[in-house]
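Each of the two complexes below includes chain A, the first together with chain B, the second together with chain C.
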Partner chain A sequence: MRHFAAILLILLLSAHALAGGVYQEPDAFIAEVFADKPPKAAVIWPDTELKAQIKDILGHDYKGLRIRYWKQDKRTAWVLDEIGKDKPITTGFVINNGRIELVRVLIFRESRGWEIRHAFFTDQFDKASLNSDSQLDRTIDNISGATLSVRAVTKLARVALLLDQAAQVEKES
Partner chain B sequence: MTGRKPRRFIAFLWHRRIGLAAFILVIILAITGIMLNHTEELKLDESYIESPLLLGWYGLEPEGEAISYDIGEHVITVLDHLVFFNAHPVTRSEQVFHGAVKAEQLIVLAFDTELVLLTHDGELVERMPTGHSFTDIQRIGIKYKRPVIETSDPLYYMADEHILDWDVITNEDIAWAEKTTLDQTKMTALLESFRGRGLTRERVVLDLHSGRFFGEYGTYVMDAAAVALLWLSCSGLWVWWSRRMKQKKKRHYQKHHRRTGTSI
Partner chain C sequence: MKQDIPLLPALATAIALSFTAPAQAVTDEEFKALQDQMNQLADAVENQPASKASKVHIGGYGELHYNNWEKPNGEEFKQLDFHRFVLFFGYDFSDSIRFHSELEIEHAFVEDNNECSFDVPTGGLTPGDTVTCEGGTAPGAVELEQAYIEFDLTENMETKAGLFLMPVGIINETHEPTTFYGVERNPIETRIIPSTWWEGGAALTGRFGGSGVSYDLAITSGLDGGTDVRGGRQKVARANASDFAYTGRIKYTGLRGLELAGTAQYQSDMTQSTDPDINDATLLSAHAIYNISQFQLRALYANWDIDVTTNASAADQARDKQDGYYVEGSWKFVPSAGVFARYNVWDNGGVGDTEKTQTDVGINYWPHEGVVIKFDYQKQDHGAVNQADEQDGFNVGLGYAF
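Moving on to the complex of A and B:
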């Protein structure tokens, strides 16, 4: 019985240790999504209107005056941060033709809610786009015990789509 | 002789004693309770304590030493992982700080595997993780008004003017950032700013309400105040009830025994 309890404790601790952390370095993510030939990074300096739209989604200003992205044709990649409960969740997004191609949680620093890294959650964003109200065109299912993390990544997905729209306009102009 | 019954008198006496003893504590409990019920309206969780006395009481002293780099008119300091532009907190980094330089367009701060970019006015522009190609920063310098990074390899990387791309260069003519010591005035301003971010008014009100503010046994004192409040309610009821009964008896006596009473 004592051994069983010890094994259970070790398993629980190791599961907890494995839960959070760096799943993929942002650089490695960018290299992977552009098949090891990433384009040069570009930056977007959100104007007042874009800042207001981002603030409307996040409920606060996005930290920083400029946001880096990588663009190849109509495909853009973004690495964005948003706080789940206490600490930022770093998430990578690839947008292709105005629709989400890939969502990947890169760094998870919180102690709870790491389940959002799994494909069963991130796959829900496949081909998602923004409607006229800057909302996703679908409902993202919650994960019990990870509500704040789910909310943070969903908000970031909307921000990434919004930034992609701005980046496409910026390049065209 | 007072004519009071001993049991009733004791209840009244203790009602008075406990009422006086718990007076201050009950006032604290009531006021802080009301404040906590209106935390959002009073913005208690958004405002910070600046009183040195209160901050000292909470022991809000920084654990580490301030690491400062002079960048011309301004100073960049990292104190307990908080990054300050002069005395204004800008951001936070858990990594070791390796220096700051003022480049042509931006101020660049170097941490182990991250660069923080600020405008010349100290506004946060971007946090740049350096990634695989470029890790383990040792120090930062400047060449042709562009930031240069030395890694542990050692390799030297110089950024473009927008600080987006980095090229390997040789270690020549690089002016490396050097630490500086803050004078007393700047240090005082920095510490005030550091402490000011650490303690919300809500925390103090919450601690006053729970008694934790008064130290280890403070919670027991507030528990005692709550028990006293309970006692006051019960003893108050008892005193009121016994007085009512007394008056009832008196009225009954006056009604039925007045004639006998006056004849005596």
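Moving on to the complex of A and C:
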């Protein structure tokens, strides 16, 4: 017991502010998904209808006045935040031809629910699209003990697909 | 320091003025300048520093239960009870140091009952038990179930100190009503483990990279109830800390839909060195959860092995081994509703056939992800010793969590 207490004390004394669960910086994610030649970032200023659709998915307004994205042909990339239990989860999405090409948890700030960073979870979104009810075209399996994190990323996936639709229309017009 | 945000009114004014100005053609340069100004205003608004309020986290959950049971002799038990009203408060001191707490009121009404005394039956109290209390009559309790400071040590390791939930079982750490089936918590995790179970001390939690393997190590205050495990929870209320408890858990969540976990705990003295005939004890528990599509399977086993000498009472000697298990299957036939069936077997020991079984079937309906309405039917079949205490009937529950 004394050894355990000593180890614990040493670890406590060495505690300092760290980056937390930063798996990949957003800039690095954008560079990677566009093969180090990312297009110039564009912004969407959600109108009333789009804001209402986003609020319907998230249960609240999305923070910020604009949403930044990167677009190349039919391919868009997004870095979005949504709170899991207490803190935002930063997640990167790549949408290609209206379907999810990639989901990656970039920054995870909580001590529970980190399982969502695993490929076994994010791979579930591969080629997912939105149906007419703005729901995903599939069920995403929950992770016991990480329900709030699963819920947050699933909602963001729907938002990313919705924003991609808006971005495609915006550019065409 | 809180900062006002005058920029939104400025932005609104700019836009309003643009509509009241005399109509005239806007050049491309003017339009681009206006776009740049709007983007700068939006940058300023979006980059406002987080207020102190954003470092405060508030949450909670609650449960209202209706129980309608009948014993073999026809004795009925009908009760409406706001079983739990829980508030979570947390605060982020920094990115790597945070406070988390959980305060609970049980059974709605608490009254000073210092003059109240009653005998706690072996194995603790079960919903439906009647106690005769001299003095106070309020059934409630106010409990501090969590209050700890957590420190991030590395990307894959954090430590905490204070009062926290023991890392054992499924519902001990995750027990919001929206997360499990059935109005009442399963008897194995309440009667054997014994949830909800919290202690004071320190713990270390870590993960091995992306392997899906995580671990918990804890050194905490111990139980003080002898062979009455549930009754031995001291709740960090002037807890006798003569003898600590040491807990270790390994969990695997590296495969889609699967959680496997095992906990081993050593209690160095189940009476905090007050009874030489009841000494140390070991708790072993393991569980599996498997989600596939809309189906889920849960199974859990827990076992206590308590060192009881031959000088102890016959009753204590007969309670040196206590264990139980349950298996539960559930199916969400639509995203907002699911059905379940659970089979429970447990034995808190004692002289004679003391094994108990309970079968539960029911349905959960989530009108919102944070609200649940439950209905279930329970059927108990106990061994000869406890047969007269069987309680069959139904339960209705309303729960919420945010």
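The working rule: the second predicted complex is superposed on the first by the 153 of 173 C-alpha atoms of A that agree within 3 Å, B and C clash if a C-alpha of one lies under 4 Å from a C-alpha of the other, contacts with A are read in each partner's own complex, and residues count from 1 in each chain.
Everything that follows uses one rule, which is that contacts are C-beta pairs under 8 Å (C-beta built on N, C-alpha and C of every residue); 3 or more make two chains touch, one makes a residue touch a chain.
Given the structure is predicted, the values throughout are model-derived calculations rather than measurements.
So which one touches more of the residues on chain A, chain B or chain C?
Answer, by number of touched residues of chain A: C.
Regarding the shared-chain residue A:K40, is it in contact with chain B (first), chain C (second), both, or neither?
first
After superposition on the shared chain, which partner residues are touched by A:R66: those of chain B (first), chain C (second), both, or neither?
A:R66 sits against chain B and chain C alike.
Could you tell me if A:N97 is touching chain B, chain C, both of them or neither one (first, second, both, neither)?
neither
Once the shared chain is lined up, is A:D141 touching chain B (first), chain C (second), both, or neither of them?
Touch status of A:D141: second partner only.
Applying the document's definition of touch, where does A:P26 land relative to chain B and chain C: first, second, both, or neither?
In the superposition, A:P26 touches chain B alone.
For chain A, which residues lie in the overlap of the chain B contacts and the chain C contacts?
On chain A, the residues that contact chain B in one structure and chain C in the other are 43, 63-66.
Within their complex, state which residues of chain C touch chain A.
39, 42, 45-46, 57, 59, 90, 94-97, 150-155, 157-159, 161, 170, 173-174, 179, 202, 204-205, 207, 210, 212, 217, 219, 244, 246, 253-257, 259, 289, 291-294, 335, 369
Quick check on the complex: what are the chain A residues that touch chain B?
It comes out as residues 25-28, 31, 40-43, 63-68, 79, 81.
Where on chain A does chain C make contact in their complex?
These residues of chain A touch chain C: 1, 4-5, 8, 11-12, 14-22, 43, 63-66, 85-86, 109, 111, 114-115, 117-118, 120-121, 123-124, 139, 141-147, 151.
Sort out for me which residues of chain B touch chain A in the complex.
For chain B paired with chain A, touching residues are 91, 119, 123-133, 162, 164-165.
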